[in-house]
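Take a look at the structures below.
What follows is chain A paired twice: with chain B in the first complex and chain C in the second.
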Partner chain A sequence: MSRPLLEVRDLRVEFDTHGGVVQAVRGVSFEAHRGRTLALVGESGCGKSVTVQAVMGLIPRPPGRITAGSVRLDGTELVGASEAVLGRVRGKRIGMIFQDPMTSLNPTMTVGRQITETLRRHEGLSDTQARARAVELLGQVRIPEARTRADQYPFQLSGGMRQRVMIALAIACNPELLIADEPTTALDVTIQAQVLTLLKDLQRERQLSIVLITHDLGVVARMADDVAVLYAGQVVESGPAERLFEAPAHPYTLGLRAALPDPTEGGRRRLTPIEGAPPDLFSPPPGCAYAERCPAAMRACATRLPPLWELEESHRSRCWLHHALAEQPAEGPLKGLFRGRTLGA
Partner chain B sequence: MILEVLNLKKHFKLGPGRLLHAVDDVSFAIREKEILGLVGESGCGKSTLGRTLVGLHEKTSGQVRFQGQPLPARYNDADFRRFSRHIQMIFQDPSSSLNPRMTVREILSEGPRLHGLWKKHEVPSRVGEWLSRVGLGSEAQSRYPHEFSGGQRQRIGIARALALEPRLVVCDEPISALDVSVQAQVVNLLEDLKSSLGLTLLFIAHDLSMVRTISDRMAVMYLGKLVELGPSDELFFRPRHPYTQSLIAANPEPNPRRERQRVVTPLPGEISTPVNPKPGCRFADRCPQVQGVCRSVDPVTREIAPGHQVACHLF
Partner chain C sequence: MIRLLVRRLLTGLATVFFIVTATFLAVHWVPGDPLLQDKGQAPEVRAQLIHEYGLDQPLGVQYGVYLRKLARGDFGISFTQQNRSVNDIIREHFPVSATLGLLALALATLGGILLGSISALRRGRAADQATRLAVILGISVPSFVFAAILQYGVSELNQRAGMTVLPVGGWGTAAHLLLPSLVLGLGTLAFLTRLMRSSLLEVITQDHVRTARAKGLSERQVFWSHQLRNALLPVITTLGPAVAALTTGGFVVESVFAIPGLGRYFVQAVQQLDYTVILGLTVFYGTFLVLMVVAIDLVYAWVDPRIRWEHHG
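Presenting the complex of A and B:
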């Protein structure tokens, strides 16, 4: 594959709180490619939203800070870059969509005005040009009667419409990368289908690279080419979507799948929850963060952080069971999973 | 049948000449010891229906019979004392439905004490039993709701509802606010308690796959109307009503190969308003198979296969 559009290497982010320092992101690496969708998947508190805030240079400082790592957009380093550089990247080269458009759109401005502001700022268009382009953009995100809608305020639009406006804003300056943080979580399933189809169409038309943050494995399956699974501030498994769903390698990914209903007819197996809860990120464990909940945890897991093993081309998993000398689970859900997938010595 | 709902309507007056038809002429029955799933998108009236069944809303018209006995249209204090013990509710948001100033012991014992089920000296041991049934330790008794995680709070909400030993429990989106791995914990807990206590559940949710897994039968609502009801697998894999078909087609499955092959033609438009709805089928404006009659005549509910009913002019 060619050089990735976005390359995140060993990113670390922490926040000061009254209770101490939270290590929200603890060494996350991933890459996003042109024309492809990367899904960052994980449950609440896994660090997926903080990761993309860091990419956008939106970590509030204080209390937050990036303590290590690198974020490169097409080769340009963004960590530590000046506000001037970041200002040119945000909105212009990277567009962003958030979960709740009601809180990210300005309630006191018509939606058309919000788009023209962006266009005048980044593209230097005149008022009339910007207005015409805004209406055109609203049409591109399939908002009916775009001209009328442009003069309305966010509260006059439905949730699905507002999310389309967010998308129009995000793509206004032809960004190369679109970051979508839980873009359909607040929407109903039929409206979600509309928005996901729209994102896919825009991606095809514009060769967009999309980084999609979601907790919904159904949405991942529909949208993603590549997936990175996050747990307790780290990527535990990453690779092509089909590999991750059909041959998951990390016990956490496997656990997530077993916790979901069986989608086949007559399939009524009992759900298998993941017992317990993720670790406290005020004092994360020195070893594998999942060890406490893992049915196959070994002694080493609690004390030593497993490396990300490369199992196949771009399929990686952070688990000691891939070690050639690890004793393999003789029973339970992980039995046989690691056959032929151990590495090193 | 433990509960029979006949032509139930719940309308809200919004102002002069503005009537919101939240639940409009809905009829169905719940069998003893079954789980009936109720699905639909926001604004379809599923939560209002649930709240009306437990007496939290006055019924506009229609009848609800519990174990053969008609429930009052509007509950007074005595009705609540009489019926709420038998029909309980579990709410979506465990943080807003638990009193933040009460300890877990107070929360769990309030109902049973009011109903005279528990004597004062039994409270600690009874609360302890219920906590262990829902997988919490007895040390939780003297703690407050904010000291627990979302999943744990939902367990407390479940224990509170079940401590009254109800026959029927209306669960209104009990897992929507929870993470996937925790959802499975709560679903399994509900299933276990259902079998050990012989409960009947009305399980309201918008997650179709989860509802199919847990329920024996499923019902689908759209803009106040019940559009389809049938055995879960049949309804999920062979939906008949065009709305159910679109809903299930829109539901993404965690299987990338299948999702990639699937041709998704999203349903156009959005749910219209339940305020002064137009005559005819509520789904007509978005329906891919709409006919002339749909816009003028309300479809009647027909049984198209044993136990499978659909309200659509196509049948």
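Presenting the complex of A and C:
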């Protein structure tokens, strides 16, 4: 594959809190390719939102800071870049959609003005031009009577409508990359489907790269070309979406899949939750973060961090069971999983 | 907007009517005699006065007469200064109190918004710490203490300079306004600073501010077009009562700085149980307060579209 549009390498982010320093992101790496959708998947607090905020340079300082790593947008380094440089990237080259459309728009400004603001900033349009473009954009995200809607305030629009406004705002300046942080979590199911379809269509029309943050594997299955599974501030498995659904390699990904209902079984199987809770990120364990909850954990798992093994072209997994000398589980759900997928030391 | 205005004015009218009635009953039920200050009064003179002021009529009739006069804008004649009508007292002295009050309000509002913003944007740093300490002082130290300290300092300065740099009392020129309006506005300034600080701190963490940053706006644009306006909303709501309090409540400051404002008359009237002056000034102040609150409501509706639209249906 050609050079990725977005390349995140070993990103680390910390936050100062009253309880101490939280290591929210602990060496995350992934890449997003042109015209494709990468899903960042993980449970609450795994660092997925913090990761994309770091990409945008939106980590509030203090209390947060990026302590290491690199974020390259088409080769341009964004970590440590000046506000002037970041200001030309945000909204222009990277558009962003947030989770809650109820609170993400300014309640005292018409939605039209919220869109023209970014057009005037990046495209140098006049008021009239920007206004015409904003109405056009509202039409493109399928808001009926766009001209009237442009003069309304967020509280006059429904949740789904507001999220469309957010999307119009994010794509206003033709960005190459769209980051969507749980874009459908706050919407009801039918609206979710419409918003996802809209995102897909926009991607096709504009060759957009999308980084989609979600904890909903249904959304992943529908949208993603590539997936990176995050756990406790690290990527535990990444690769093409089909590979991760068909042949997950990490016990955590497997656990997530087992916790999903399977329609082919007619709902007779009991769902299997992952027992326990993620580790405390004030003092993360030195070894594998998932070791405490992993049914196949070995002694080494608790003390030594496994590397991200490359199992096949772009499919990677961070687990000691991939080691050639690891004793493979003889029973349970992980039995036989790693046969033929081990690598040398 | 018109609808909102009419509705607010009607409720305001009801409030004023209630104020009139309650004050009327209160002054008449308070024990004491407004015509008693002249000890050597002949009984015939006294009877004559009682008749002239209508005090020999039943209370209900007096109330009716008062309301009828009030509807024509006539507050009646003072009991203690029998050559002056209450209207004259207000006309002569209210402009003084109002000038002082509005200047104090301007200082308090601009200063409060400015200091509150700086304090919030520099949260936890030296400027913030200093402002917060000053706010506590401003709120807890009474205005006459500030007045005394300032007067002392300025008169000391005048002496050193060998000339009057700034007058420490009296009324007349613009220079006379500076110290008293500063002293009068200080408490409100401190209060508004604190309000602005907490309001802005809340707005800063809101999602839509993050959206504004994600659009690529500079910090300056984010502040002016997104944070400031939304943070001002709670400040605006408190301005109505603040206007009234400052334009009418400057009695202490007026007396410390020897300013011929309305406050002095009010206090005198209460001490002497001067029915018409107490009633007149209370009703006047009450109406003024109601009007200010209505005005602020309109400003609020203009700034916050949610309020504006609520009253459309």
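As a convention for this text, the second predicted complex is superposed on the first by the 342 of 345 C-alpha atoms of A that agree within 3 Å, B and C clash if a C-alpha of one lies under 4 Å from a C-alpha of the other, contacts with A are read in each partner's own complex, and residues count from 1 in each chain.
One rule holds for everything that comes next: contacts are C-beta pairs under 8 Å (C-beta built on N, C-alpha and C of every residue); 3 or more make two chains touch, one makes a residue touch a chain.
These numbers were taken from a predicted model, which means no experiment stands behind them.
For the composite obtained by overlaying on chain A, chain B and chain C can both be accommodated side by side without a clash.
In the superposed pair of complexes, A:Val89 makes contact with chain C only, with no contact to chain B. Counted by residues of chain A touched, the larger count belongs to B, out of chain B and chain C.
By the document's definition of touching, of the two partners only chain C reaches A:Phe98; chain B does not. Of the two partner chains placed by the overlay, only chain C lies in contact with A:His122; chain B stays clear of it. Contact with chain C, but none with chain B, is seen for A:Leu58 once the two complexes are overlaid on the shared chain. Touch criterion met: A:Leu169 reaches chain C, while chain B stays clear of it.
Residue contacts after overlaying the shared chain place A:Glu327 against neither chain B nor chain C.
In this overlay, which is a superposition and not a single complex, chain B and chain C have their closest Cα atoms 12 Å apart. The contact surfaces that chain B and chain C form on chain A in the two complexes do not overlap at any residue. Listed in rising order, the residues of chain C touching chain A in the complex are 206-208, 210-219, 221, 225-226, 229-230, 233, 303-306, 309. Taken in their complex, chain B has these residues touching chain A: 41-42, 149, 151, 179-185, 187-188, 191, 206, 208-210, 212-213, 233, 237, 246-247, 249-259, 262, 264, 266-268, 270-271. Considering their complex, residues 43-44, 158, 160-161, 188-194, 196-197, 215-222, 224, 241-242, 245-246, 255-263, 265-266, 268, 270-275, 277 of chain A touch chain B. Chain A contributes residues 56, 58, 83, 87-92, 95-96, 98, 100, 103-110, 114, 117-118, 121-122, 153, 155-156, 166, 169 to its touches with chain C in the complex.
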